[in-house]
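Here come two complexes built around chain A, the first alongside chain B, the second alongside chain C.
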Partner chain A sequence: MDTADASHHYGATTNEEKPSLLVLILDTNPFAWSTLSSSLPLQKALAHLLLFLNAHLSFSHANRVAVIASHTKEALFLYPRSHATPEPTTDPSNKYRLFSQIESCVQTSLRSLLASTTASSLAGTNETMMAGALSLALSYIHRICHVDNSTIGSTAPRPGEIPRQDQAAMTARILVISVSGDLANQYVSVMNSIFAAQRMRCAVDICKIAGDTVFLQQASDATGGVYMQLEHPEALLQYLLTAFIADPATRRHLVPPSQVNVDFRAACFCHKKVVDIGFVCSICLSSQLSPLLSLCFMLFIFCSPPPGALCTTCNTRLDITALGNYGGKPAFISGKKKKTKKAKKALNDSASSSMPGTPATAT
Partner chain B sequence: MTTVRALTSLKKVTGTLELTGNIVTWTPSVVGPVAPISIPAASIENLQATPATSAKVMVKIFCKLPNTAPDAPTESFVFSFVSPAAREEADVMKDALGATIAAAKATPVTAESAAAAAAAAAAPSDFWSTSKLQGDMELQMSLLKADPALSNTFKEAVMEGPITSEQFWSTRTHLLRAHALEKAQQRGPQNVLAAVRSTTVDGQTRISLSREQIKEIFTQHPLVKTVYDENVPRVTEDQFWSRFFLSRLFKKLKGDKLLPSDTNDNIFDRYLTRDSDGTERVAAGGPKKKRKIEHVPLTIDLAGNEMDVTRGRGNAPDLTMRPSAVENVPIIHTLNSLSAKLLDLVAPADPTRDQNTDETYAAGMKLADLADDDEEERIMLNIQDQRQFFASTDAPEETRFAGLDPATVLGDLRSQLGDTDFSIASLLPAADDDNDPDDPNPSGSFHLATSQITATIASSSLLSSSALSISTLPPAVLTSLTSVHSTTLEFLHHFWTTFLSAPTSPTPAPANLVKLANTLKNCKARIEAVAKFAEDQRAIEMANRKKVLQEEYKRTGIKPRKRDLEVGGGRKVVEELLRALERAVEKAGAAWEEAVREEAE
Partner chain C sequence: MAPSATIRGFDDYLQSLPPITFQKLYQQPATALAIFRRMLPSLAKIFVTTLLYNERPIPLADLQSWVRTESYREREDAFIKLRRLHIIHENGAHINLDPIFKKNFRLALTGGGDHHSFGVPVAGEDKKKVDIPFLDKYAASQFDCILHYMVEPSGTQQPGQGVKHLLSTSGLMRVSSTASKITQAGFSFILQEGNAQIWVLLIQYLEMSESLGMEKTDVLHFLLMLGSLELGQGYSVATLTQTQKMMLTDLRDYGVVFQRKSTSDRFYPTRLATTLTSDVTGLRTAAAAFSHAVTASSKEPSDDPEERGFIIIETNYRVYAYTSSPLAIAILELFCKLGSRFPNLITAKLTRGSIQRAIANGITADQIIDYLRVHAHPIMRKNVLILPPTVVDQIRLWQIEGERMKTTPGFLFRDFATQWDFDDTARYAEEVGILAWKDPKKRLMFATRTDQILDYLQRRQAQGGQAAVQAGKKV
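Our next item is the complex of A and B:
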């Protein structure tokens, strides 16, 4: 029926090259960088990253970049700065102007960020504002790729509507340079950002230099990004230029160098055991993560109904009676022993008869 | 209407006793041996309960069910309360029941009318109700006929397996409902004259006309019926129709343009001036018979404000000052009247057509875009800290960064970055940093990094290629594979449903469950059979391929390449595809065996 109105050719996507936006999220946790100083000092990492950004910009005039710092207490843009950046005093004459602008801007803002960080504010914190940084990145992407487009004259998407990829003026991706782990406190907000990225069809690449976190692995898996745990952090540039340089349009034709091995088996949250049958609160899931529930692979699963029929997360009283006499073992009354025996006999028979047929794993 | 609910057991079957309004219902938690019970409060004759001191909490209801004969003996149901808070629940239920019965006894008339009202309210949705759909054998048969894959599963699971027809359909109510809806729809009438097609055989135009078509022509075009009635005894029927389809009248009724070259016909041309329903037109432009519509909603009634509407041209000056000759007007009239007639022939589909039509149209014309967004109805949740669930157990950050002084860390980083911009060129690896590129065993970090990336690419490309194996199976094998898969899943589904909600001891396990468990055992053999079938097919295919290639070799002298000899499919692919299924069957079997063993001890 969809083909009947002869409008399908309007929807046909043109295969023209779209410029690409790269948003780099740099985890600037000072403790983590300090432990890395022997293999990859911050300055060297920064040099590699800036070169990578220059490489991305050299692909096309229209390509753009943004750099966001995910610091211990805040997340903020390193480039572009909201207020007017002072022009670099010495503009090198033999360098592409945009390159030197970005380099100087990122370095200046990072220096001022570190200068404004006090030792007392660092004490006791070891986390990084990844959720905030992701949200900043996503809203920036939305502004650049979708809203700019709508001002030209096409209809702006209504709130809640998924912006279509083919209407976007640019393709976008997020690259997270992660050095610290443990994002447990930000679970809900990080997950929401991941789902938002998934809806925007924006790939989230993870370049994991140190630490370990499940969420970022899942972020790249859910959005079709690249996940790479660096075995040799000192060769950061090599990783960036081989694994992360391809833009979303090119990636469709490439085998992703992703090492995601997300465990898709359901494990309960209370004991971290892998379960066959889990219990999920019908209240907080349906309102917390919907309508993305169908895409969700991370549920609050418990291995037994919560005590007192109260959901441990949202405190909602659940109707356990709906379970009926679930979990009861079927039983045979003693008078029906014959049946039991018969069943057992049948079991044995069929077991022996199917023995030769068991799959030949030796093949 | 308040609802009181309690977990009870009736005749050792657990279920929910519910009092809603005037009706007491009891629904078993397992669909099976005991049917749900519904007792109107008016028919309850007596109520008994165990004293508060006794250990067992039971309520006995004596009632005369309304659909039994008046002289039938009083029935009684004993509900024992089984939940942990049985005593409290029983008291609440007893009080509520007492109050309801008293109210029902006081006003028996209203109780009956309430029940009748409830029945009436339920009636429209009753047609699609689950029980009705599942009982409709005819519907099920027609669905099976329409869906061969489903019919295959049905044959294997129900006709040859232990699953009952009710069980099979209980999981497929949505299919039945969709099918019932589909069947309920019917095609409306079409313009018959346009549908009659002529074929040319041996230079002669032939038109085949069925009885139904003639009947439809008569209903759609009463004029033709008039002509037929007045002429047919004189003209033979065959001749009548052959002349009709060549006549100008036919063209006019069909909505074609009349050309001067059209043949004249002395019978049919007489009727050209008549109105389409057979009445003689008085004069051109005379009063026409209007189509009767009982009620035109004011919002769409164009005639209602005719005096306010200028005729088409607005204020523009009429330049030609002549009546414009629009050629197509008669045709448009014909087509319009024909469409109107077709619409009249169809019974109105929506029963609510006459109710509040004005409001519906007005609502449809509202500019929804300008309205505010609806306020979202959210349910507030108190989300507690879930940190405990995600705390990584292996490497807590505290230990990783332990012993680091914030002040020194910060100072180090600041000094690393320096005060002024650094040149990135000076920090990039120089060419001589790394080892010799010709070195067969490079040890530089860049080489190691490259090898890590290439290794991951290799492993992920391996992963993506294995998914193609399903396409290597021949269609016959694929069909039997999908059939075995769906049937086994059907068995598994019913096995777990019955197994997990089977009544606990001392009630015996349903015989059905025993049967199901045995059938599951056979599933392995079936999977094996499919694997064997696939292997045989592969052998045949290989032999064929070899023969073809040898003939080709004899003919052309080109030696066949080894790649051409390779044949996909076979046992390996089938086993790979069904591995998960096999594991599931094994798991179910193990659970069953354990239950049997426990019982034997």
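Our next item is the complex of A and C:
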């Protein structure tokens, strides 16, 4: 009977899944971490993160990680690093070698980064180089997923062609551990990075431990990543291992942690303020819009009509009168007294009829 | 990540082990890590990480509701795997990780402890330096030797006695007193890719090791540990058990590890070993990695034409192979009709007859196509489609020709008490994807596996029982 069956090869079809690259961006803003020191000190957070990286690596032999620090004035790689790192000190027979390598590399580079941060170098800054870190991450992903592989396989992207995740040999995602507040100053560069990630189909996950950033919410929303504001920062590890461990391929099967309201506001380009309503030049499309909903393109946005009605980009004289009284207070037109009296009476009647015999009126 | 077909043998082997063996296996962090990495689908891995740092059991329903309803099958598949490998324990509606697995998997991730399960590296240089290209060459030559022997048993290259014994017990070779001959299983073995071949040999080895009186868990520990070692690093023999020392001599014959002398105090895992627990797709196949490493190390294109590719196929099904290697010729002969032979060239033809013969020998069209593609001549590689599409399609068509009928091994279920009983069970079987056929009128169904259904029936009975008890209390 079995000899009659030559179709056994059909059973051999399996859906092999691609290995995945995780780029972790760690916000190392010392101000933010110092405020967190009671619930989640940096050392503890780092221990949780390293364990999380190990868990990611243990998913598949070919999985890879990279760690980028987004510091106050620079963004730099903590792992991998080009220069040699000291050998891990722990007994190598009790730990998977790759794990201890990454651990010691991240620890030493973070230590040297923090040692080089002096009080004077921190003066006058209270933000984090998120835009720089995001672009470092994206270029690293591009190199690992597209350039390096093209030398091996025959699937090299042709010049000018935009490589996409589904053609690459690896899937990639970015996880941002964010503790700082707003990034309004870096609005343009952050948004450009987000659009780049969107085009590369690279999910940006945001793990928000403290602070509040409008643009990172938009990042995860635009790229299909997870956004999570931690209620209990001390349980970071459990959040990481539950919500952020799934690679893009597995996420198809999971109900994503829901994100209720995405704040889609933009920042104006002139004062870097987050605005509800922006103004855009009608000539050079630096366009006229109320809440910026479409994220697929970027426009030059003013928070108020530019001074002198001159567009700062194209120098066109704009007809501000076309805006009419937009943004002004609605004029109050006083009606006739009689009418108001009548209205008041009607109001009183309806009020008294609607709540008959309240104790106050009864006494 | 669905374990690939290549690992399926090992999967089945593991699942046939009794629970007590798993308890022993999970004692070693490296083994826990290797099983986690290699044997579980990715959804199951996420369940494990979720449970890993939860001290208390969590409701099963919570985990289930986390997966989209469309992915029902993947979810059930994940849970079945976890149950079979005894990684989760279920207590009513709650679920938790096996305590031993949990403890040791945590240890694997955090490091520490005193188990030496990731191998003890030998400090200091060996007297003669062993570098990675050397190890690659060694492994390639050992493994090629086995393949050569299979194709040409009377040839000059003879592997060790252990290998011969293994090949005959595994049914890849038929050994008689006068001459050995390769079997059908052996033919399809030769055309598989490297990682799969190694696994086939190692599973046979596992089964054979029991009859040799070796401790099974020791053997498994050692095999799974090999996957977490680092290429090019020497490891100490001293911490190995007696069984594992015995294994070293055998694995040396397969090219999986290198040891200079059997009395030497260190061994080196080769690329075959370190890719054991990795995914086939993640890295290039072991064989491709070899040729890549070998060509990279010698800097100039190597002289051996086999590494560059040597087969030219024309759209008229003619095959020209620039080779004089007996192994390559023997493999080509499996599915080609050989024409003439020149000092460095073989001409052959793909015909319906030759392909049908190969298929009758258990070789699949995909294996043939893959072989041709991997070994295509550089000239062929300049084309966008390496092989002529007409030829590829025709090979597939020739294969389909023979498929008028399909057999499915499985189990017949009958004598269901009620129609509801039948419908419910059949629905479950269909959802899990093991239902092959059913006849609701006769209450008959045919499924490819029984264990999942038994599992389901038991759980249903338990739940039904609980419901009945609760109902009784209310009354």
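Keep in mind that, in the parts below, the second predicted complex is superposed on the first by the 239 of 363 C-alpha atoms of A that agree within 3 Å, B and C clash if a C-alpha of one lies under 4 Å from a C-alpha of the other, contacts with A are read in each partner's own complex, and residues count from 1 in each chain.
Quick note on the criterion: contacts are C-beta pairs under 8 Å (C-beta built on N, C-alpha and C of every residue); 3 or more make two chains touch, one makes a residue touch a chain.
These numbers were taken from a predicted model, which means no experiment stands behind them.
**Q** Who does A:Lys18 touch here: chain B (first), chain C (second), both, or neither?
**A** A:Lys18: touches chain C, not chain B.
**Q** A:Ser60 in the overlay: touching chain B, chain C, both, or neither? Say first, second, both or neither.
**A** A:Ser60: touches chain C, not chain B.
**Q** Between chain B and chain C, pick out the one touching the greater number of residues of chain A.
**A** So, of the two partners, B touches more residues of chain A.
**Q** First (chain B), second (chain C), both or neither: which does A:Tyr96 touch?
**A** The second partner, chain C, only.
**Q** When the two structures are overlaid on chain A, which partner does A:Asp247 contact: first (chain B), second (chain C), both, or neither?
**A** second
**Q** In the overlaid three-chain picture, which partner chain does A:Asp212 touch, first (chain B) or second (chain C), both, or neither?
**A** A:Asp212: touches chain B, not chain C.
**Q** Counting only touches as set out at the top, which of chain B and chain C does A:Phe31 meet: first, second, both, neither?
**A** Touch partner of A:Phe31: chain B, not chain C.
**Q** Where on chain A do the contacts from chain B and from chain C line up?
**A** Common interface on chain A, chain B vs chain C: 51, 103, 237-238, 242, 255.
**Q** Show me the residue ranges of chain C that touch chain A in the complex, using the header's touch definition.
**A** 1-5, 29-30, 33, 36-37, 42-43, 45-46, 49-50, 52-54, 65-68, 71, 74-75, 108-121, 227-228, 230, 239, 275, 277-284, 292, 359-360, 364-366, 381, 386, 399, 402-407
**Q** Over in the complex, which chain A residues touch chain B? Could you list them?
**A** Touch list, chain A to chain B: 30-35, 37, 41-44, 46-48, 50-51, 88, 103-104, 107-108, 110-111, 114-115, 117-120, 122-123, 126-127, 159, 180-182, 184-185, 187-188, 211-214, 228, 230-232, 234-235, 237-239, 242-243, 255-259, 269-270, 272, 276, 283-284, 287-288, 300, 312-316, 321, 324-333, 336, 339-340, 342-344, 346-347, 350-351, 353-354, 357-360, 363.
**Q** Spell out the part of chain B that touches chain A in their complex, as residue ranges.
**A** These residues of chain B touch chain A: 5, 7, 14, 16, 29-30, 83, 373, 378-379, 381-384, 386-387, 389-393, 395-398, 400-401, 404, 406-407, 409-410, 412-414, 416-419, 421-422, 424, 427-429, 444-446, 448-450, 452-453, 456-457, 459-461, 464, 498-511, 513-514, 517-518, 521-522, 524-525, 527-528, 531, 571-572, 575, 579, 582, 587, 589, 592-593, 595-596, 598-600.
**Q** Along chain A, where are the residues that touch chain C in the complex?
**A** Touch residues, chain A against chain C: 1-2, 4-7, 9, 11-12, 14-19, 51, 54-55, 58-63, 90, 92-97, 99-100, 103, 152, 154, 237-238, 241-242, 245-247, 249-250, 252-255.
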